[in-house]
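Every chain is named by a letter (A, B, C and D) in the order it is written, and numbering of its residues begins at 1.
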Amino acid sequence: MSEFITLSLFASTLHLSVPVILPMLGGLLCERSGVVNIGLEGMMLSGAFGAVVFSYLTGNPWLGLGGAVLSGLISGGMLAIMSVLLRGDQVISSTAINLIGAGLTAALVPIIWGIDGTTPSVPKIPTLPLPLLPQLPVIGPLLGELSMIDVLAFALVFIVWWVLMRTDVGLRLRACGESAAAADAAGIAVTRVRIAAVILSGVLAALGGAYLSIVTLDLFQASMTQGRGFLALAAMVFGKWRVGPAFLVCLGFGLADAVALRAQIFTDELPHDLLFALPYLLALVALATFVGRASGPADVGKPFRRA
Amino acid sequence: GDAPIWTMITDQNGLGDHGFNDLAKLGLDKSVEAFGGRAQVIQSTDQSQFVPNLLQAVAGGSTMVVGVGSLLNDALTEVASSRPDAHFTLIDAVSTDDDGTPLLNVASVTFREQEAAFLAGIVAAMTSKTGHIGFVGGMETPPVVRFLAGYKAGVATIDPKIKVSHAFVGSFRDPAKAKVLAEGMFDSDVDVIMDVAGGGGRGIYDAIIAEGADHWVIAADTCKGHLAPNNFLTSAVKDVAGAVFYENKAVHEGTFEGGPQSLGLAEGAVGLCADNIDTLPAEILAKVDAAKNKITSGEVTPPDTYEALDAFVPAQL
Amino acid sequence: MSSKRPALPRRGTARLDPIIAEALDARNTTPLTLGAFAALTRDRARTLGARALVFVLTLGASMLCALPFLLLSGADLGVTARAFFIGSLGSQFALAETLVQMIPLLIAGLAVAFSFHGGLFNIGVEGQLIFGGLVAGVIGAKLDVSPALLTFLCLSGGIAGGAFAALIPALLKAYRGVHEVVTTIMINFVAVYVALYAVSPKGPFVSASQPSATDKIPRDARLSVIWEGTRLHSGLIVAVAAMIGVWWLLYRTPLGFRIRLMGANPGAALASGVSVARMTNSTLLISGGLGGLAGAVQVLGVYGRFFDAFSAGYGYDAIAVALLAALSPIAMIVSAFFFAMLDSGAVQMQAVAGISREMVGVVSGLVVAFVAIQPAIVHLSGRIQRGNRPPEADPSSTQSLPLASGENR
Amino acid sequence: MSLEPPLCPAAIRLTGIDKRFGAVHANRAIDLTVQSGSIHGLLGENGAGKSTLMKILFGMIHADAGMIEIDGAPVTFRSSAEALGAGIGMVQQHFSLIGAFSVTENLIMGRATGSLAMRMVRRLDLPRAARRAQELSDCFGFGIDPFARVSTLSVGARQKVEILKALWGGARTLVLDEPTAALSPPEAEELYALLDRLRAEGTTIVLISHKMPEIMRLCDRVTVLRDGAVVGEAELSGKDLARPAVRQLIEAHLVQMMIGRGNPELPQRAPKEGPLILDVRGLTDGVQFGPLDLKVHGSEIVAVVGVEGNGQSELVDLLMGLRKATDGLIAIDGHNVIDWSTQRRLDAGIAHIAEDRHATGVADGMSLIDNASIGFVDGKPFSTGPWFLSLRQRRLLTETLIERHQVRPPAADIPMASLSGGNQQKLVVGRELARAPRLLIAAQPTRGLDVGSTSAVHRALLDLRAGGSAILLPSLDLAEVFAIADRLVVLRKGQIVGRMTAAQFEIDQIGRWMSGSQGDPAPGPPCPDAPKQMDTAL
């Protein structure tokens, strides 16, 4: 076992959880502003795709990140138009985002590269080691497993928390999610706030996808997100729409996955298919036992109309 | 008559799997070069479309309809028995009617992947310095298990003490997890990994390039040297293209006869990747050739299931 | 206590003021005047017409938006369109295939809609469908009884399997207030892996002859073909029966009323004596049962055995199907048929017009998008005023749905 | 906050304000002038257009036509933010506070100024804001805890928070839409005092109300709306309202204008003693309610008064079985129902007009038919067994109710949301009466209803009483209590602190009981299932 619990198990955990954490942050912002977003999966895919396309065309992976942001703006913008401006049903709108995101990215690969399924390798974000942190005594080695980009990802968690919970902008955003009417009466531009939140969620989810496609890997593959967008949604609800708990839940999912994958290396006796179901079962058990009532922002899901 | 139509039907995984779907397509293209006509690929979105797709192909006047993947077995059998005049090739499964007699208008081609994997195992065992070898499968499907069993048997034949860890990603389409898995193996100082993870396998090459020299990857189905030139050891290939071409040729020349056909080393339908075979050290090649002979002569039968693997006793090469 | 205390009325009977009762009788006896009847039918017709209009507008608009994408994949539009219609309606064979595709979509759509009506957002239909299919497949493969009985057992087993998959979310929702969305999503993941395991080479139910599947169900225990020379099976009858059943249950039974009331306003339901916990369970279990039925029917009607990957995400498409029908069970046959056309048309579009199968996904995505913004479309078409629209077609009733309210505990 | 009186005499001048909502013509070319430093009353029936007009002034609704002048300068508000900026504060008819937020957060939300970037990074200085809130609250004698979560506050306290919110930005003009609809007399008195004081300090106030007494008590001038148009004005300042004759004359005049006919008279009622129907002994929920004893006889209306949050809702919930009683006994006609489900209690003859219509009374999204048949789905004639529920019978029931209670518009298939609250309430009352209840619990049955609807409801209750049923009337509206109740009990901190019969009704005594002898209103108990605290992260 001692050989099993290694630094790199820790590293795997982080690398598996980051692509869930980022969309989770997006979904959380979105729902806290009162807009349901089950379209994270589609947004992630378009982000992963956008990143690869730009990295491929420009040869510069950092511009690839730019491409992810761009596609995030697009998918987020689409959802904002449908669910906020046109007051479409938010669940259906985001379902549409999922279908289009998955379909379009997969359909464009052969159109651009002339081959089905998987793109050729594109320039990927170099894993810059952290400056001097690794020399720190105890946690040093752990931090050594982190790359610059990971740290940025975790910084985002704090930033989102700060803005959402400590600043005026955050208060306005949460007000829109709790009661659009009250927010409106208080002079908050509900529609504008929600549009911003939805677009932002698109960008964050897209970055999550980009992390998969040009940070972890160097390619895009049809449906490569494999349900991580839904997992992010689950983590958000599981964390009761709060940044901290939801963040921990993501780490938990990451750890469970890492264990499920790596445990197989040490024993052949495990029914691995069931092992993969473990995180979800554990989450269910947790919900059944100690997590208890979770209810989202009071006004989430209700389009805002004013005469 | 008019120009032939060579049609293939994929399962829901479809083209781009770097595996037998792409290879079968290759076979079609070769057929077009050789016998003219046009190639046509129908990719199924889901399983319930197999039958309509096959009927579609037949109705479209296909000279030969190739069903790729064992999932198509039921559907192809159903269609073939209702269209006795049409010609079919089924890859990776044997098409029989309800009481088990093979359909005669279907050439059911199965490969003995375990034989190629056996050789790959030998190469892996003789290359590994750490004495710990890895195997990453996408999902635990029979072809993957055949690779695994043969591979382990091959390793055991060289040195039973060598440890072989195998693990599954849980999907053929999750390169990220495949990469994490590979990294995990490198941590427990595996230095040779066999990749049977389908499209998701790309993650493994990504990981091994990062790992650098003295780490080796063994591919399956096709030569994938271009994905990691410096770390590519060899590949347990199966010549799906060749098989498809062979059946098409048979139809073209009117010598087609259906029924099950198991292809392996003896038929030259499986083996190690030819691209870089000569870069392997001489003593390894010697062992590989020895194994080849013993397998073709039937002295050694590589296991194709877990049970057979447990029962397998390494022979002296 | 006072000895001569008034007896209580029979339980399970709503008290009704005799005066009101008389008034009702009076109205009952007075026949519906022609004028009134005409007015009623006119209203109904207008509602129906309005809805039909919205439906057509939605589809038209989305098709229009699909054009650029089709052009993107370098297809000739005329050819594509012809391929689509020929592939989905062009022949007996095509029509039958479309109907075959429609069956699981319809039943699964009903499952989704049913939970929506109860204000519960069951997106676990995919998982329930897989469980249902698995149970049906295993029963069919393992049990040795008379065909008719076996069919029955498979179907009811499938329903039970689906309901089972919905059980945990139901209980968590009813007694712990855990949001059903997250639990049903997780059940979906669990179902996939359980199915993989069940028929993996080392799994308990895997067939000897066919990998990643169970053994075949005896032919005469499967759902019989009801249209000679096609694959159209009696699952269609099951689906239509389910549709009528769901409609009846929702709109013509006390249980259905309670479920709809809970969906519309849990507080009011509670105050009027409805046990929200029990209704939550019933709703999700019935919804899950329908999901399971969809899986069982697919296994018995199309494959004759369970494959681990037999579902093409029907459970997810079902959400779109249900919503395009504005949750109306009857309208659902239309939306289900449309999505089925997309699926079966896809084959031809691929073979003839070279439209990649993914593009078809994009098209259905666009349809869903326009379904989503239907309220806006309605606004534009300006045909429907707030008044004459039955609740289930009223956007506000879908908007205040599921995920939405924290208050729908 | 600057409170020096502005220079321009006319604080607000609205000219030709016109607004349509689809079919509804909510405001018809309305002209309205409000003198600065005065309290201007706005009267009108439900749906007359009062709220709409004020929302237009406040920038929440955009008028189709017309012009707004503030202090003589024409303005156009694109949002309430701009109105707030211009020194106008409004207290909405329906609470517009956020329960999950603290009082302070509710006060400051949307108020911070500065660049977006700044507001995204700078930490909100809640403590400072809280201090300011404390001061403001103290200077009005509100006694609000700035850190309390709003969902835990009593309705009265919330109303005060609403007012703080309106004044927060230093508003010189204050619009109050039915501010006392949910307040108890003592609380209302406090509010009146506050308004007097604000007026004295030069604040201009527009007051929308259905309550004649408070209009009389406060307003300098009144404008009456009917069907969206101004039908008349009346100058009150300077009139000698102390003299009952004058007072009644003016009241009558206003009501005349408001509803186009005289003030509806209630039928005289003879006191008579029926059999004991409701018998409550030692009832308690083990938390903050009871133990409490209460008897209600047939042909008797017993009012339950008290400052909101002192146990009225708990009493109702306990009687209906919506809250678990830990001890005690509830007998209906001698049957102890304490362990019965809500369903069984309804069957046993308890009916319930819910206090909060939108929360528990109706389902806005459902049709009138469905709303009318709530509770009428079991047994003949509506259903025969579990497998059939008759639409036709339910439609007939609905049409009967619509007819008997003049619900407008008289259409059975339209969604409930398209009815005005008044009409919604009529349907609810009709529905509950149709159960031929032995005991009717009518919780605030006329909250927010206009004179016409109110008297309709009262008449219905009196008819039921005449029929021999028992009626429990939790109400905040003493005028209502005096009008129809035979007895009243006063609740304070979950206990009955006083009882009176109609003969003895005497408002000061009641006020003392309600507020406790020292006259400090009891703090409301925390509401049982408040949403989880949102603003604790990490």
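Remarks
As a working rule, contacts are C-beta pairs under 8 Å (C-beta built on N, C-alpha and C of every residue); 3 or more make two chains touch, one makes a residue touch a chain.
Remember, predicted model here, so these are calculated numbers, not experimental data.
Between the contact lists of chain C and chain D, the overlap consists of A. Of the two chain pairs examined here, A-D and B-C, the one linked by more C-beta pairs in contact is A-D. Measuring from the averaged C-alpha position of chain A to that of chain D gives a distance of 45 Å. The mean-CA centres of chain B and chain C are about 40 angstrom from one another, to the nearest whole unit. Chain A and chain B have Cα centroids lying 36 Å from one another. Look at where the CA atoms of chain A average out and do the same for chain C: the two points lie 30 Å apart.
Under the contact definition stated at the top, the residues of chain C that touch 2 or more other chains are 193, 196, 200, 202, 356, 360-361, 400, 406.
The set of chain B residues touching two or more other chains comprises 14, 140, 170. The set of chain D residues touching two or more other chains comprises 531. All chain pairs that count as touching, in label order, are A-B, A-C, A-D, B-C, C-D. The residues of chain A lying in touch with chain C in their complex are 36, 38, 78, 82-83, 86-93, 95-104, 106-108, 110-111, 222, 227, 230-231, 233-234, 237-238, 271, 273-274, 276-277, 280-281, 283-284, 287-288, 291-298, 300-303. Across the complex, chain B is touched by residues 3, 6, 8-9, 11-12, 15-16, 19, 109, 115-118, 121, 212, 216-219, 221-224, 226, 257-258, 260-262, 264-266, 268, 272-273, 276 of chain A. Chain B contributes residues 14-18, 134, 140, 165-171, 173-177, 179-181, 183-185, 187-188, 190, 199-200, 202-203, 206, 227 to its touches with chain A in the complex.
Residue ranges on chain C touching chain D, taken from their complex, read 1-2, 5-6, 8-18, 20-21, 23-24, 27-28, 43, 251-258, 260-261, 264-265, 267-268, 270-275, 385-391, 394, 396-397, 400, 406.
On the side of chain D, the complex with chain A involves touching residues 21, 52, 55, 60-62, 79-84, 90, 92, 94-101, 105, 108-112, 116, 119-124, 165, 531-532, 534-538.
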